[in-house]
Amino acid sequence: MRQEITTLSFSTPGRGFIEITDDVAGWLSRSGIRTGLVTVFCQHTSASLTINENAAPAVRRDLLRWLDGIAPEGDGYEHDDEGPDDMPAHIKAMLTGNSLTIPVENGRMMLGTWQGIYLVEHRRRGHARRVAVHILGQ
Amino acid sequence: MRQEITTLSFSTPGRGFIEITDDVAGWLSRSGIRTGLVTVFCQHTSASLTINENAAPAVRRDLLRWLDGIAPEGDGYEHDDEGPDDMPAHIKAMLTGNSLTIPVENGRMMLGTWQGIYLVEHRRRGHARRVAVHILGQ
Amino acid sequence: MRQEITTLSFSTPGRGFIEITDDVAGWLSRSGIRTGLVTVFCQHTSASLTINENAAPAVRRDLLRWLDGIAPEGDGYEHDDEGPDDMPAHIKAMLTGNSLTIPVENGRMMLGTWQGIYLVEHRRRGHARRVAVHILGQ
């Protein structure tokens, strides 16, 4: 049993879903680990991680619109010194979560057919984002 | 330290909570692992996993109604070619999450007294659902 | 590769965010494990765990108000025999989640600069809460 850790860096273009499935899978492949557990961890509080549909792009657009509706800008937040999109970003990050844990079999993450791993940028502007990835196995 | 992986299959009867605690616990018991970590991973994007109250069934009914209220059908989604319940299902799956990680001690998952593990079906009709389970320990 | 498990106990003062980062980090430090994976698991269904901003306290106040708005008391819940704050607490616990998994490098959790780990009490009154912590590594 062994483990490997890396940090992946992403430059986001602003609010939206960035698919990182291939980045994680590529690193898993290079590790040579065939059976185990992958943990993906987002090191930010205004960006987050989610697994969702990777086929129809309209699904991600609807998810973004829904998040905007449930945590709108300008909703009387006490914390607004970092801009009107900051507090909604923290709420959306809390809802979607920071960490994902995915079993690995035959050298591949056991994702379903339509599942993709997404880094979700919740701020209006693009940011440099870091995602820690840990793999354990043999 | 060793690990085991299995995939559990469930046939859901349509929208609702299906308790899978005993399925996971049974497999953990057969593995013989006494101390470790269980990861439960749902391989779908319109069904998800959650841990909640396993005593009063009214709690799950209220959770379902609340989810229906927050992500209603017919809410002007762009993605609707798979039916009016599809996009709400993706939203609910994002909110509740795909993976759970639970420590194991003395051969048992360290769940609280009132905690049950639930597979949540978000589509109107029943589906065949797969849940990957990974255990690591000794 | 080895693992350690502990259960941390917290006495919450009622609804709110309780930072537990130092409690988890202290125990990690005493374990002597330098590279690995920490899992934090909340053994309750009306309290939960989240990672969010640990600098401005106004962020946590806004998050609490937002949760109160999305799952208000007295909203016609079927399950209300444990008080008007019980069902909202179960909803909020479902939204925020029970388990967190965080990679460890150089003896430290790989949290981002502004990330803190919070136990979130969703009931009005204070409760005794237990959080299981598992670490695996070397």
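First chain written, first letter: the chains are A, B and C, and each begins at residue 1.
Here, a contact is a pair of C-beta atoms (placed from the backbone, for glycine too) under 8 Å apart; a residue touches a chain by one contact, two chains touch by 3 or more.
Here the structure is a predicted model, which means the values were calculated and not measured.
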| item | value |
| --- | --- |
| Chain contact graph, described as a line, ring, star, complete graph or other shape | complete |
| Rotation angle superposing subunit A onto its copy subunit C by C-alpha atoms, nearest 5 degrees | 120 |
| Subunit A-subunit B separation of Cα centroids, rounded to whole Å | 20 |
| Subunit B residues counted as touching two or more neighbouring chains | 1, 70, 95, 97, 101, 136 |
| Complex contact set, residues of subunit A against subunit B | 1, 35-37, 50-53, 56, 58-59, 61-63, 65-66, 70, 95-97, 100-103, 105, 110-112, 114-115, 136-138 |
| Parts of subunit B lying in touch with subunit A, wherever the complex brings them together | 1-3, 5, 7, 39, 41-45, 70-71, 77-79, 81, 87, 90-91, 93-95, 97-99, 101, 130, 132-134, 136 |
